[in-house]
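Read from first to last, the chains carry the letters A, B, C and D; within each, the first residue is number 1.
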Amino acid sequence: MIPVGVLGATGAVGQRFVQLLAGHPFFDLQVLTASQRSAGKKYRDAVNWRVDVPFPEATADIVVSDTKTESLKGVDLVFSALPADLAGTIETACAQAGIGVCSNASVHRMEPDVPLMVTEVNPDHIGMIDLQRDRGMDGFIVTNPNCSTIMLTMSLAPIRGFSFHDIRVATMQAISGAGFEGIPAMSIYDNVVPYIGSEEEKMEKETVKIMGTFNGSEVIPAPFTISASCHRVPVIDGHTMAVWIDIPDPVPAVAAAYRNYQAPISNLPSLPLKSVDFMEQQDRPQPRLDRLKGNGMTVSVGRLREGIRYIAMGHNTIRGAAGASVLNAELIHAKKYI
Amino acid sequence: MIPVGVLGATGAVGQRFVQLLAGHPFFDLQVLTASQRSAGKKYRDAVNWRVDVPFPEATADIVVSDTKTESLKGVDLVFSALPADLAGTIETACAQAGIGVCSNASVHRMEPDVPLMVTEVNPDHIGMIDLQRDRGMDGFIVTNPNCSTIMLTMSLAPIRGFSFHDIRVATMQAISGAGFEGIPAMSIYDNVVPYIGSEEEKMEKETVKIMGTFNGSEVIPAPFTISASCHRVPVIDGHTMAVWIDIPDPVPAVAAAYRNYQAPISNLPSLPLKSVDFMEQQDRPQPRLDRLKGNGMTVSVGRLREGIRYIAMGHNTIRGAAGASVLNAELIHAKKYI
Amino acid sequence: MIPVGVLGATGAVGQRFVQLLAGHPFFDLQVLTASQRSAGKKYRDAVNWRVDVPFPEATADIVVSDTKTESLKGVDLVFSALPADLAGTIETACAQAGIGVCSNASVHRMEPDVPLMVTEVNPDHIGMIDLQRDRGMDGFIVTNPNCSTIMLTMSLAPIRGFSFHDIRVATMQAISGAGFEGIPAMSIYDNVVPYIGSEEEKMEKETVKIMGTFNGSEVIPAPFTISASCHRVPVIDGHTMAVWIDIPDPVPAVAAAYRNYQAPISNLPSLPLKSVDFMEQQDRPQPRLDRLKGNGMTVSVGRLREGIRYIAMGHNTIRGAAGASVLNAELIHAKKYI
Amino acid sequence: MIPVGVLGATGAVGQRFVQLLAGHPFFDLQVLTASQRSAGKKYRDAVNWRVDVPFPEATADIVVSDTKTESLKGVDLVFSALPADLAGTIETACAQAGIGVCSNASVHRMEPDVPLMVTEVNPDHIGMIDLQRDRGMDGFIVTNPNCSTIMLTMSLAPIRGFSFHDIRVATMQAISGAGFEGIPAMSIYDNVVPYIGSEEEKMEKETVKIMGTFNGSEVIPAPFTISASCHRVPVIDGHTMAVWIDIPDPVPAVAAAYRNYQAPISNLPSLPLKSVDFMEQQDRPQPRLDRLKGNGMTVSVGRLREGIRYIAMGHNTIRGAAGASVLNAELIHAKKYI
C-alpha cells in the first residue's frame, strides 16, 4: 500500500478525492490538508461534507494538517485539489521533496515537461515524468485536464484514426464544476449562463496537447483546431457537449469505431468496464441518467449523426476531476513510477 | 378594429395569443375555439390559465366555440395555435372561406406559396399571399417558423450582408416549448435532454426559406447551410443558442453591424424598440434576465467573438410563437391585406 | 432462495423493486410482469430504465409476462407496484392462489385483516396474516403505507413512549412520488404545488393503524390525531416534513430518546445500520445530501426544538415504497411465513 | 412630488425599490446610495441589474452617492434596503436629520416607538410616529416586517375577528429572500434546506406586535402564539406557507370572512385591487402562477379546510419587502406625515 495524501481535502474536488480513495486497494489515505483554519481538527469536524454519497467514516478521525510540504512526511504521493493560486508553489515544492503529485489544478498543465494526461487517451505521455529530472525533481507532477476537456478527448479517442482538422464544441456544464459555493442559485436557476471564465481557452489548448505526439523529448500538438462555446446549465453533476467534427467518412463507419473501441490500458481499479459507452437511443446520453455509469468514470457518447455530430457526457467531478487523477495515479503505480 | 379569433385558445401557445391580443389596438378578440370538450363554456371556465401573468379578465366571458370554420362567422383573421395534425385541414378551410390565417403550426410552412415570415427578416415575403389566389383562396395563410428558427434568423438579420455559407448552431431550449404537459419533470429536472423531435430538421430547412429571395413567383433558398444540434435544458422560458458562422471579417466589423442594425419595418404595435439587442457584457444574454426585454419580442445577441461565434436568446412562446404571429398580422394589416 | 416476482415492473416503483431485488440474498427474481404491450419482450427492451443508478444487467433477459396469476407459476412471493385500480383484484387472486403479496398499492391497506406494516414500527402486525386464513387465502397480502406515512411513523417510533395526542405535519414531497410521467415540468419547476390528491387523508388514517395495537384479532387505532398539509416541491427524491407533536417533556429528553433508539428487529439484509439517524446540525436533514444514507433506507430526523418541533426526511421511492416492501418481505421470511 | 432616495440601491431589495419607484406618482426618485465602491458612478454602471424585468432607463443617469446622511440633501423620505448592521446608525441619523425612513431592515422593528406596519393590517400604528418626537427625531422611522411575517399577517387580517390563540406555520420560502448571492446553487437545487437563520423567531415576535393594539402610547401584543417552522425550497420568488389556526368556527364561516374582506384603506397607488385573493381551486395558490397578481402586491390564500388549515402565498421581494415599504410610505403621505 502506498501512503498518500490529499491537498485541499475540504473543497468540492477534495471531498471527491477522499470519497474515491477511502478503501482504495493501492493507496492508503494518511494525510489530509486544508487551510490553517481547519488544521488540527479531525476531518469529520473540519469538513462540511456535501457530496451526495454518505461520508466515508474511515476518514473521520484523520487529523487535518496545514497545506505545506512539512505535513507530508511519509507520504509518497499526493492528490492536489488546490486552487490555482496555491497549487503552483506547493505542488512544485512537493515534487522537489521527492513526492509524486497528481494534480487537478490548472497551473502546471501546459508546462512542456508536465504530462497532461487522460489515462485512456495518452498513457504514453507518462514518459514526460523522466524529463522532470532535469528540473531537479525527485518526485513528479502529473496533471489531468479541465473537466470539459476530459469528456471531449475521451469522446475523440475512439475516432482518432479518422481524418479531421476542425472541431466545434458547445458545452452544457454542471454547476458542481464551480465548487460548492461557486454559483449563486439566483444566477443559474431557471437560467443558462453562456460564459465560463477561461473554459473555452482551456479546451482549445489542452486538447491538442493531450492528443499530441510525445516523441520522447516534447509533445507535438495534434494537427487540428477546436472552437469551443461554453455554457452553464442548471444541472448538479454531468457535463454534456454537442460536438461537430469534420470526418468525411459516413456515419456507420464512425459508429463502428465507437462500438469496437477498447481502452489501451487495463487492470486498473478505477478503470470502468467501458471507458466510452456508445448509446444507440435517440435521446441519450443524459446527465442525470448516465453520469453514474462505471462508478462515474464512463463517458457516454450518443446521437451520432451526419455532420459528423454527436453528444458526449460524463460526470464532471468524478471522471472530469478527482477520478481522472486517481486513474492517472493507478497507471503511474502500474508503470512503477511510485 | 378587425374582428379576430384564436384557434386552439386553451393550450400553451393559445393562452399566449389571448394574453397578447387582449387590449390590442388593431384586433378585436371575438372568437376563441378549442376542442368539443370546452365548447360552450366561458373562456374563464374552459381554460386552466397557466401563463405567469394574470388572466386577462376582458376575455373571461367569451364563450368558447368548437374549432371549425362555422364558429368563425364575422371574423376576418384567425391566429392558429392548433397542433400540426388539426392545423392542415382547418387552416386551409379558413383561407378558402375568406379568412386570413396567421399560423404558428408547422404544417403549411414549407408550401411554395405560403410565406414563412419573421416580420423583421423577410417582410417582402408577404407578397406570396397573392400566389395563394391561384389555389382559389379568398383568405390566406401566413406562417411563422419554429421558435428556434426565429431566434436564429433574427440574429442573422443584422449580419446578412457579410459573406458566409456555413452555420452551426447548438440550442439550449426551454421546457415551455413543448407545451404545458409536454415534458415530465422527472425527464428534465437536474438534466439535459439532447434531442427534440424534428427540431434540427426544421431549423435547417426553414432558415434557408426565410432568408431566401422571393422573386415574385417563388422563393430561392438562401445559399448557405445550417447544421443544428438541439437540446432541452431546465429553463421555463427562453431559448438560448450558440452559433458559429464562417464570416471572414474581423469581430469589430461584425459588432458594428449589430450595433447599427435597424429593423426594416416600423410603427407596428408589437414591434419592440430594439428587435435585436446587442449586449456587450461577457456573460449575457441569459434567459431569465433578458427574455422579457421588449415585452418578450426582443432577441438578444452577445458574446460575439472570433470564430465568428455568438450567443442568441429570445422568449420562445412570445417572440418565438404567439408574438411572432401577432407581429406578422400587424404587418399584414399595415399592408392592407386585411 | 425464494422465487419471487414483481407486478408492474416497468413503472417507477417497479424499477426500484427490480433494482433492490437484483442480487438479493434471500429472493431470486424470476418473474417480471407488465401490461400486455410489454409482455413477451425481454425486460431490457420492455423497460425505459430511468432510475439514476445503472440498469441491473442480470435482469436484462427476463421475459416480461402479462400481469395475471397465470404468469406466476413457481413463484412464492410477489412485490406489487401495481396502480390502485389493478391491484385490488390481482393481489387478492394471488393470495387466493397461495402466493404471498408484499404490496405498495393503497387498495388493501385499510382492510381489517391486512397488515399495514413499517418493519421497524409495527413488526408484530405481521400476525394479522393468520387472520387472512378466514378469507380462504393460502397466500397473504401485506401492505406498506404511503411514502409520507412511512417517514412520519419512522420518526415517531423512537418517541412513542412519550405522552402526546396531537400531531401536525407539513410535507415537502419529491416529484418522483408521482411516477415518471406524473408531474409536468411546467407544473413544478420554480414552483410549489400545495396539494397532493388523497395524501393528507392517507397520512391521517394510515398512521393510527400502523401505530395502533394489534390484540390478536384486530388493530386498535392509536389514540392520537394527525392533521396533515401536503405539498409538492421541486426535488427529485426525498420527502421532507415539518412535524409538531404535543409532547410535554423538554427537548433534551426527547433528543435522548432519538439518540438511544434501536430498531426492534435485526439481521435483515435491507435493514440499515441506523433506521433513524438523529442529526445535530442545525440545517439538516436535507433531501439531496441525506436521502441515500443507509442505501436509502434510513430516515433522518433533525432540528428538534421546543414545540416539540422537528424535521424528518427519507427517500420516498426506496424507504418510502419499494425498499419498505422488501424489508417487510425479509421479516416475513425470517418469521417463516414464506 | 416628494423627493425621495433609496439607501442600498444596488442589492436585491434595493433594485426592487428602484423598479417600484421609477415613475411613481407621489415620489420623485432623486438619490440612490450604495457602498463607497459604487459612489460616483452612474446607477447604470454601478448596478448589476438582476431583477427579471427590464432596467428602468429613467434611473440610469442618477449618480450613486455614498450611504450617509450628507448624501441626502433635499430628500424628504428614504427607503432603506440596508443590511441590518448598517441600518441601525444610518436610519437613526436620517430620522434625526428630519428625514422620514421607510425601512425594510430588521434592526428597529421591535423598538417600542417604531411602527412595524403592514399597511392593510395595522394602519393605525402609524400614530407611533408621534412617539418618536420624544427621542428628538424630526423625521421618523417606519418599518415593515420580515417577508414571511407579511404574508402571514395579511392572511390573518380577514379572519382576525374569530377567536383563536394558537397558530402553527410551516413556510416554503424562495431563494430570492436571501439576496442575489445568498444561497449557492449547490445548496438548494434538487433540495430543501429546513433552516433559515432567525426567521422563526422573527415570525413569532413580529406577528404579535403587528396584530397588537396600539393604545396611543404603546402596543399591547396580540393574545396568541405562533410556532413557526421555516424552510427554503427551490423557487425564485414567492413564499408559500401552510397555516393551522385554532378557530372553532366551521370552514364556511371562515371562507365567508375571506370572501367578504375589504382592506381598511383605499386610494393608494400601490394598493392592489385585492389585498387578499381567496382562491377556490384545490391546488392553488402556487408561487410561479400567482406571485405577480396585483403587480406582486396581492397575497393569495387557498385550500381552506377543516383544522382550520390554509395556504398563503405572496411575492417575497415585492409584497414582502420593497413593495410593503412603498405602500407604507403612500399611507404616511396620505396621512400627511410627509
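The criterion applied here is as follows: a contact is a pair of C-beta atoms (placed from the backbone, for glycine too) under 8 Å apart; a residue touches a chain by one contact, two chains touch by 3 or more.
From a predicted model like this one, the values you see are computed outputs, not experimental measurements.
Q: What chain is the most remote from subunit A, judged by the mean position of CA atoms in each chain?
A: D
Q: Which of the two pairs, A-D or A-B, is linked by more C-beta contacts?
A: If we tally the C-beta pairs in contact for A-D and A-B, the bigger total goes to A-B.
Q: What is the distance, in whole Å, between the centres of subunit B and subunit D, each centre taken as the mean of its C-alpha atoms?
A: Whole-Å distance between the two chain centres: 39.
Q: Just give me the whole-number Å value for how far the CA centre of subunit A lies from that of subunit D.
A: For subunit A versus subunit D, the centre distance works out to 47 Å.
Q: Take the average of all CA coordinates in subunit A, do the same for subunit B, and state the distance between these two points in whole angstrom.
A: Taking the average C-alpha coordinate of subunit A and of subunit B, the gap between them is 42 Å.
Q: Enumerate the residues of subunit B that touch no fewer than two other chains.
A: Those would be 50, 189-190, 234, 236, 288-289.
Q: Under the definition above, what is the set of subunit D residues touching subunit C in their complex?
A: 168, 170, 172, 189-195, 227, 229, 231, 233-236, 238, 240, 242, 244, 282-289, 302-303, 307, 309, 311, 313
Q: Quick one: which bits of subunit A touch subunit D in the complex? Just the residue numbers, please.
A: Residue list for subunit A touching subunit D: 12, 50, 175-176, 179-190, 234, 236.
Q: Across the complex, what residues on subunit A touch subunit C?
A: 49-50, 52-54, 189-190, 236, 288-289, 291-293
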